[in-house]
Amino acid sequence: MFEFKTKTKQLAIALTVVGAILWVVGFALNGSSSHDAGHGHDAHATEVHADAGHDTHAEEAHADHGHDAHAEEAHDDHGHEAHAEEAHADHGHDAHAEEAHGDHDAHAEHAAHQIANRPWSALYVAAFFFLGLGLGQLFFLGIQYVAQAGWSAGLLRLMEAQSFAIVVPLIVIALITFLGFGHVHHMFHWMVEGINVPGHENYDAIIAGKRGFLNPLFFTIRILIYIGGWIWAAKVLRKNSLLSDTGDGVAMWKKNRGVAAAFTVFYAVTSSTSAWDLVMSIDTHWFSTLFGWYTFAGMFVSSFAALILLTLYLKGQGHLEWVNENHLHDLGKFMFAFSVFWTYLWFSQFVLIWYANIPEEVTYYMQRFEQYKVPFFTMLVLNFILPVLAVLSRPAKRVPGTVVMAAVFVLVGHYMDHYVMIMPGTVGDHYGFGLVELGPILFFAGLYIYVVLSSVAKAPLLHKNHPMLTESKNFHQ
Amino acid sequence: MHYESPVRNPLILGDKSYSDITNDIAKPVESKAPRAWWIAFSIAFVMFLWGVGCILYTIGTGIGVWGLNKTVDWAWDITNFVWWVGIGHAGTLISAVLLLFRQKWRMAINRSAEAMTIFSVIQAGLFPLIHMGRIWMAYWVMPIPNQFGSLWVNFNSPLLWDVFAISTYLTVSTVFWYVGLIPDFAMIRDRAINPVQKHIYKILSFGWGGQAKHWQRFEEVSLVLAGLATPLVLSVHTIVSFDFATSVIPGWHTTIFPPYFVAGAIFSGFAMVQTLLLIVRKIFKMEDYINIEHIEMMNIVIMVTGSIVGVAYITELFIAWYSGVEYEQYAFLNRATGPYWWAYWSMMTCNVFSPQFMWSKKLRTNLIFTFVISIVVNIGMWFERFVIIVTSIHRDYLPSSWSMFSPTFVDIGIYIGTIGFFFVLFLLYARTFPVIAQAELKTILKSSGENFKKHHDEHGAH
Amino acid sequence: MGHTKHNPIVRALFNDDDVVLGAVKDLRSNGYHVSEVYSPFPIHGLDEAMGLKRTRLSTAAFFYGLTGLFFASWLTYYTMTLDWPQNIGGKPNAYWFLNMPSFIPVMFELTVFFAAHLMCWSYFAVNKLYPGAKAQNPDPRTTDDHFLMEVELEGEEADLTKKLQELGALEISKVEA
């Protein structure tokens, strides 16, 4: 039985507290250097707007009032009413500047919103990333029962423990989205006041058309359904698993097969809809049918990385003597396979949008390509090339060192992927990596370690009456 | 060593020894064809001949003999192409993906499923070839400068990607299949009495002897081929979906197409495997090897993939509305309520609703019901492609050119001909090839054979 | 794999895979050299028990695949960018990289094509398998349900024979090398 030592506990709590403090400090400092966006000395106005829709003309060009600043305009006006690009140089010297002046206040407000969004978005990115680490393993746990997997019986307790790590991120995510309704932040374009009121200055016809789905009430109901359904599954699977330690392993196994089947169906739908709600709706105009599956694949693969690290940590502590390099090999294979699968979905989504080049879709990638070039390409390398090369060969999958290295690539890469998914729509080009980004990572990492290790410590690591246990112990590649 | 959890059902029924497996699997090859085989073969052959006639007529006269028109310029040809490629996918899936997942139940069905793959990809390949009109120019799709000048094939075109994908898929599947067949051919060679037969199987078996080193390489090659075939099978249907999805036609251009086509392909392929194996096990008395456990597993795969396809349908429908793009919205409205509503609802009924019956254990272990559903699914998947292709283009951006499509007897004839051709090949295969990978099957006899399992359960595993 | 020149070979026939595997382990621990085992199906763990090295076919496949990848990159570069660049569908071909997403399907397919086919040819070549080759197994029963072991004879024949009988051999014969 694993004991969650005080020292480790303290470390986890310290991470959480430090993370929280960093975030709060970051929050307080946020925007102070450029709170007067538009007048600031270092402010750029690089606007690539995601709404090159039908008749929208949200692109604005901005004179930069700073003396050394320059305005770059990357326009992608594919709309039907094409706008001329307006790029304005220094205010004092350019006669055309007045033209932009009218838009100026609106823009300054927009930029201020983007800057103000940053701490919230950074918290949201980390919450979503850590949600994936738990949710992926919850789904995988369900699959172990549904598919009658034998090899993994000795690892089920770890998956169960990871599943509980969804609770805190879910609450944080829900709170952030609810704060959006109160206009505390402006991450979600569709939550803007008057967005669906014709004649209102914020009115947006396209977003108004989505009101049937994107409205506070229905959204809240959906969020509560996700939270309820997922946590229910994690709890019931765990409960039956613990019952089998004292009771009939086969009966509980069969019971969990039923629970897992129901959960799989539930998750098949909610994995997509939650991705639309929580991530896709940030870029409210944009849409992609693949998005739900793509998000799922990213969560799934990063959760394997987390499982590998957890397994090797526990083995390093002298536990899990029934887990050997054959099991590690299989975990490595899963991570490898789903890295490839994630890349496949990434490529499918990207190439179709790139190839067809339809304005309402392609702006999504244009913004990422132009404003987020470094994270955009780095995460592709981290999520595909490096892990695939690291654990392509059979011997490499059996050595803890290489597998851990690949797992770290995957974790960092998928954090960045979530970053690139969420940030552009909320902060535009006012992004970076500072206290507000680091803080939430430490915060959730601490909580993750705390939650996972304390539930690992609550029950024997060996699921001793599981009908597949002997298969798992005998498992050989 | 040979332990298997008692909660798993046996995969080989009866009191079998290694030698029984040899005899049972060599039997169809060594004995005379049953009457049912001749009847089936004759029907398939007539269908095949009809198809050949229609193909010759098309080539002689031109593709004007099809029902295509200016608006609907792609219809049954590409529908049949996608349908056949899709069916092929289950074979690779069973032999490759299930091998990587160590699903032992695949061993009874992988050989026939791979055969099905190859034969159906052959049918698929026929359609683009015929559609070229001048089939003798078919080599122009190869990367050679056109008319031997210097203008090359267009590597930006999904249709050219298809050329590479389908040829790689066909050849790699064939090699994969053949590598697995060699030890089984050797088994037939070593027991053949008829000298002609012995000679033929000697040629086919490449001199296989079963040395330890050779088996080691065999397993390694199988594993690597499975590792290569898994992404390959995904890529093939992905590229097929790119034929549509790279365009800007509402109903075609949607990012979910690649994985959704793959899921649909697996779905229809498993249904076809189910159809074929239900017949094979009956005619050749293979019930002990392809038993209820296998059928149930396949039904579960059908149910799961059918549901994935259902989620994809709903996603498409939802996002079409959500997008706020009126053309997208109309395309889907037109599918469900336009003049082709019956095709759409046939698709929905066959593909999404009918597999849900498989949630019932009673129904998914019922052979007749399974057989019916397997046929229903294949009809549904044909409609799916028809719906995607024809209903998306028959009402385009210009209402003045809206039109309908109706197939001519040639369209129908070629389609029926490919079904005949497919069954001709499959029936010939079933008579001359070992229909079950017996060498592989022998490796699981001690862990998954009924008699051995019973022994383990009674006396405890060692 | 090849046995040394002069030692005669003793062949022993078995009818169970576990017995043959046990026998191989036993003989090797007693200093005998089991030069070959013919079996109707792969026996898990036999290669290790016989002390066979791992095959390098998968490594070869990796390099074959790499060759295919480079070939496809060159082919698309040569035809689309170098020889006759065109702007197709608003996608200019001035640089190969501009259009690279379009080439990925072909690059992937050729990678698989090269890896799979060249590996299979290598497999046929190293196993000396070709159409019409003479059957390599000395006893036809080894493709059905028997297992034939070849042991190099070092020392007394009688000892080995006795040992083999103890280990469960059904038939034992001697072949001069």
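Here are a few things to note about the model shown:
Going by the order they are written in, the chains are A, B and C; count residues from 1 in each one.
As a convention for this text, a residue touches a chain if its C-beta (ideal position, glycine included) is under 8 Å from a C-beta of that chain, and two chains touch if they have at least 3 such contacts.
The structure displayed is predicted, hence computed values, not measured ones.
Just count the C-beta contacts per chain pair and the biggest one is B-C. In this view the innermost chain, defined by its CA centroid being closest to the centroid of all protein CA atoms, is B. Centre-to-centre separation between subunit A and subunit C, using Cα means, comes to 44 Å.
One inter-chain figure worth recording: subunit B and subunit C are separated by 29 Å, centre to centre, where each centre is the mean of the chain's CA atoms.
With centres taken as mean Cα positions, subunit B sits 36 Å from subunit A.
The residues of subunit B that reach two or more other chains are 1, 231, 238, 242, listed in rising order. With touch defined as above, residues shared between interfaces to two or more other chains in subunit C number as follows: 44, 58, 89, 102. For subunit A, the set of residues that touch two or more other chains comprises 351, 355.
Against subunit B, the residues of subunit C that register as touching in their complex are 1, 17-18, 36-44, 46-47, 50, 52, 54-55, 57-58, 61, 65, 75-76, 79-80, 83-84, 88-89, 91, 99, 102-103, 105-106, 108-110, 112-113, 115-117, 119-120, 123-124, 126-137, 140-145. Residues of subunit B that touch subunit A in their complex: 1, 3-8, 100-102, 231, 234, 238, 242, 245-248, 253-259, 307-308, 311-312, 315-316, 319, 322-325, 461.
Those residues of subunit A that touch subunit B in the shared complex are 53, 147-148, 150-151, 205-206, 209-210, 213, 250, 253, 265, 268-269, 272, 276, 285, 287-293, 333, 337, 340, 344-345, 348-349, 351-353, 355-356, 358, 360, 467-468, 470-471, 474.
Contact residues on subunit A toward subunit C in their complex (touch as defined above): 347, 350-351, 354-355, 357, 392-394, 476.
Against subunit C, the residues of subunit B that register as touching in their complex are 1-2, 17-19, 22, 143, 150-158, 160-161, 164-165, 167-168, 171-172, 175-176, 179, 182-183, 186-187, 189-191, 202-221, 223-225, 228-229, 231-232, 235, 238-239, 242, 439-440, 442-443, 446.
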